[in-house]
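Quick notes on the structure that follows.
We call the chains A, B, C and D, going by the order they appear; numbering starts again at 1 in every chain.
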Amino acid sequence: MTGFNFINPFGVSDEPGTYLGDFYTDNFEKKATAGNVILNLGPQHPSTHGVLRVLVELYGEYVLRAEPVLGYLHRMQEKMGEVKTPYQYLPNMGRVDYLNPIAWNWAFAGAVETLAGIEVPERAEYLRVIAAELNRVSSHLLWWGAFVMDLGGVTPILYAFEEREKLNDITQIVTGSRLTLNYFRFGGVGQDGDARFFKLIEEFIPYMRERLKMYTGLVTDNVIFRRRLEGVGPMDESLCLRYGATGPILRAAGVNYDTRLAIPYGVYDRLECPVPTGQPNDCFGRYMIRLLEIEASLTILERALASIPEGPTLVAKAPKPTYKLPAGEVYFAVEGARGQVGCHIVSDGGKTPYRVKLRAPGFSNLSLFAEAAQGTILADAIAILGSLDLVIPEVDR
Amino acid sequence: MDLSLVTFAQILVAVLAIIGLMVANAVVMVYVERKAAGFIQRRPGPYEVGPWGTIQAICDSMKLLAKQIFVPANVDWVLFFLAPVLAFFPVLLLFLPIPFGPYLTGLAVPDGIVLILAFAGFGVLSNLFAGWASNNKYGLLGAARAVSQSVAYEIPLILALLAIIFQTGSLSLTEIVEAQGSYPWQWNILVQPLAFFIYLVSLVGETNRAPFDLPEAESELTAGFHTEYSGMGFALFFLSEYANMLLVSFVCATFFLGGYKGPFLDGIWWTFIKAYLIMFFIVWIRWTFPRVRFDQLLNINWKWLLPLGLINLWITAIIVKLLP
Amino acid sequence: MIRAIWDNLKGLYSLLVGMKITLIFLFSPQKTVHYPRKTVERENLITYRGPLELTRGKTDPAVTRCISCQMCVKACPGHCLTVVKNPEKSVKAPIEWKYDFTLCCLCGACVETCPTSALAFSHRIYLVARTREELIFDLLADLKARVEETPVLPGEEGASAEAAQG
Amino acid sequence: MSDATRALSEGVKDLGALAVYRPDFGKQGLRLSAFLPGEALSRAAQFLREKGFTLLDVSTAEFQEGFLVTYHFDSFAEPCRLALRVLLEDKAKPTVPSVYPIFQGAEWHERESYDFFGVIFEGNPNLVPLLLPHDLPGPPPLRKKPDALASFAALGLFGEAEWISPGWPYAPAAAAPDAGEGAPQ
């Protein structure tokens, strides 16, 4: 009988020191300075958007070092590409990035079409542009809500969902689904839009412009919001180049690069898409770039609707499910909502592709977080993480 | 004041009534907050349980009562269980000196505001214990934030109240109410708008509500100091959060909005209407604004509210001296 | 100093703007659809592509158009279809048509490859199941049940008229 | 082939390339691709870094000849996508120097290849599994069975060769008669 234990009167608690970190924690701790707190943000954390895990070493509230740990949502999409025919693999593309499935549809379908030399009818190209831009708006809207939620404002995400709901209704007309859209076919698109489809888009464009004004009043001009973001997490051109960051991050860094214009695909070269740049390279700049991109997408939508020709939406001899790719190698990239979505296919002429490599923009964008978050406050690190617009299924593939 | 049997009985009755008030307030406010949040976000809020979801909050509290109390490994048991209790009980005392209506005061002490301000310090102690004891890094960070925030925001709060006390010349809440008239232009808010503003900002900071909810900032610290609490422990924190909100609203109504005095007929209803309007304001801004950063939070306090409060106090003192 | 004060005043004004916006929304009508009491309007519903169903036969609506050619089975990326041929060679219609919705990714490969357009997407958006087994459909029985329920379709469009009833 | 691409092709050649290919952009999506020996990789990466290129991804594939590590680069100032390839013939211990010191973003791409193929990148500061569990049993999952392996040289995967160094045995079947044997045995 020992004396009464004030710390543990019921004797229930474990022996101190029985907890062992896992592989990644141990690895991370080796380089830590004694006395600093090692914090495991995630994989279940409100602001890591799914199952990202970030190990951070904290000195007080300052982040000394951060290391993202991936793989909690890894599904080996690249292996699936090797065991399915291209036709069967195409629906997987909607699952790689569930917020921007059309861009991935386009990356894979475009890669196969480039390799096989399939011509896409004119009307299908326009429908692709329309679908891609609608999807970009929808992706940016969800990011907008989630980003403001990271900063503590809970309401805006539900306003963003109102618009997303309208967009889902529109894309549902041609794709039949609301989230993991599978719209593209090799040599065209799955379905032509009907009158209601075009009518709803035409109604959506002015509605969205009105709502953007409301967003400005509620969030963009809000002094708390601005002071949380201005000057936080600057990412300059050199950082983007070293890490291969693309998309709004790169454009906020002042580089006027957009795959839609730089390496045109589809009919983007005919639509003269506006590319917003010229914002500060901090979190606020990235926020503004995305809001301006919504507007730019609306403009592209207007132009595409004005000039869409009549005609077939699928090439006459469209590939069958058992379609074999000719031997060869191709790299095809499109501009997704988060950056350059690339698809590298190596085919040996067999039933299934020999190797499918998916270049996820989020993967490269997230890799710069470790450097960008160094020396910031924890709250700023969360803001930087949010401003990268991460979709973990895409990062992990 | 001699503590006779009558006074003792009075206190006992008042404490029981206040416990009832606190629980009822929490139930009502949970419902109101969720409904308001729902309507702001264009959804119905609680809807299915009872007519318009009215008994949702009661069902929630039943659930919390029935939940297993989970204790993580290596906690400091004494502090871990003391913290929610410490969060809840001091708030009881704080309601005692509040004049709810004419002659309706739990304990009409002559220096009631001193009692309130003194016991309000217990709140931060419970946050500190909760964060420290629960063997959780998020909790620890939350506790550290809670302490520096509460310590900081108490000062402008007191400065704002001091201006009114200077002006009235009394520490008794009843006298402060009596010094104001029945109509809005006779209330202190018009005499001391700056003090009212300072008080309004620091009451949000003091009660750890959004946009100043740094100790429990959910997107950074998951739930901050009460990350590891579930069931009854969490319910007590929840209860005390709403009780604290109610308390600062009552104090605000008493000091700035004329307390139980109002147009047509003075009475307890005016206190409650005013207090709940302020409560609604707190709820409203919670669902509107993003959260401030921690250094900004302290900057607002030390660089703006504190100097403003001092200047306000100084001017008040001079004017009170010059115009007796 | 003056500038900082002015900035902060402007900041306070921006807060008021935000509060006004939420106040307006507080009193504006809700956007939510209360599911059991209200449902989404029909024209929105019929564009939804739910689990597969067999289309009605041209001559006898209760007999499927399927000729057991196994094209859909080969095309399916998820291996969710099982079509058993009739052992009698003269009858083309299958004797069993199993569809495992738990494996289906709703890509439409089967619908697009079907040479007789015997397959279509249903619009059963409010589909509910308690077990996995309930999601393995026997489409031949399903077709029979639907034909018994509504022998003649009210509208001109085939399957899309039978919008979601559960 | 534009002047800029030609200059790049010359530059890569000077860095010790084994073979420089001239792909058809409309069919392959690349302006230039080159085979490099492993030791020339860092120099080539530095060369491209100075030209304003960025590393898009590192894509590995296993062939009969060995592991082929493909680095895709692109320039933001003047879009010109190109691929540098390193063939790792030692299948037992495929090793290639890391480009981490030049492109820090390569760390994750290289770790991914390490995960999927077991390619070892020397100089990567943190070569631990990234996407897969660290204790995954069995060989790396994207390695192929020996009978499923294809030969890129026999298939002529990478288009026409523009220039081939004399010692390079994997010239495409059609081109470059001066390069010794066309396809491997």
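Please note the rule applied: contacts are C-beta pairs under 8 Å (C-beta built on N, C-alpha and C of every residue); 3 or more make two chains touch, one makes a residue touch a chain.
Since we're looking at a predicted model, the values are computed, not measured.
Comparing the CA-atom centres of all chains against that of chain C, the greatest distance is found for B. Chain A and chain B, compared by their mean Cα positions, are separated by 42 Å. Distance from the chain B centre to the chain D centre is 65 Å, each centre being the mean of its Cα atoms. Chain A and chain C have CA centres that are 26 Å apart.
With each centre defined as the average position of its C-alpha atoms, the distance from chain C to chain D rounds to 45 Å.
Not a single residue position of chain D touches two or more of the other chains. Each of the following residues of chain A touches two or more other chains: 155, 159, 162, 218-219, 222, 224, 227. Residues of chain C found to touch two or more other chains are 8, 15, 18, 21-22, 25, 31.
According to the touch criterion at the top of this document, the contacting chain pairs are A-B, A-C, A-D, B-C. Here chain C touches chain B in the complex through residues 8, 15, 18-19, 21-23, 25-32, 34, going by the rule given at the top. Interface residues of chain B facing chain A in the complex, by the touch rule stated above, are 37, 40-43, 71, 73-78, 137-138, 140-141, 210-211, 213, 217-220, 222, 287-296.
The touching residues of chain B, counted against chain C in their complex, run 36, 38-44, 47, 284-285, 287-289, 304. Those residues of chain D whose C-beta lies close enough to touch chain A in the complex are 26-30, 49, 52-57, 59, 61, 70, 72, 74, 76-77, 79, 81, 83, 103-105, 107-109, 116, 126, 128-135, 141-142, 150, 152, 155-158.
The touching residues of chain A, when paired with chain D in their complex, are 23-24, 27, 67, 70-71, 74, 76, 78-79, 82, 111, 114-115, 117, 240-245, 250, 255, 257, 262-263, 327-333, 340, 342, 344, 346, 348-350, 354-355, 357, 359, 363-364, 367-368, 371, 396-397.
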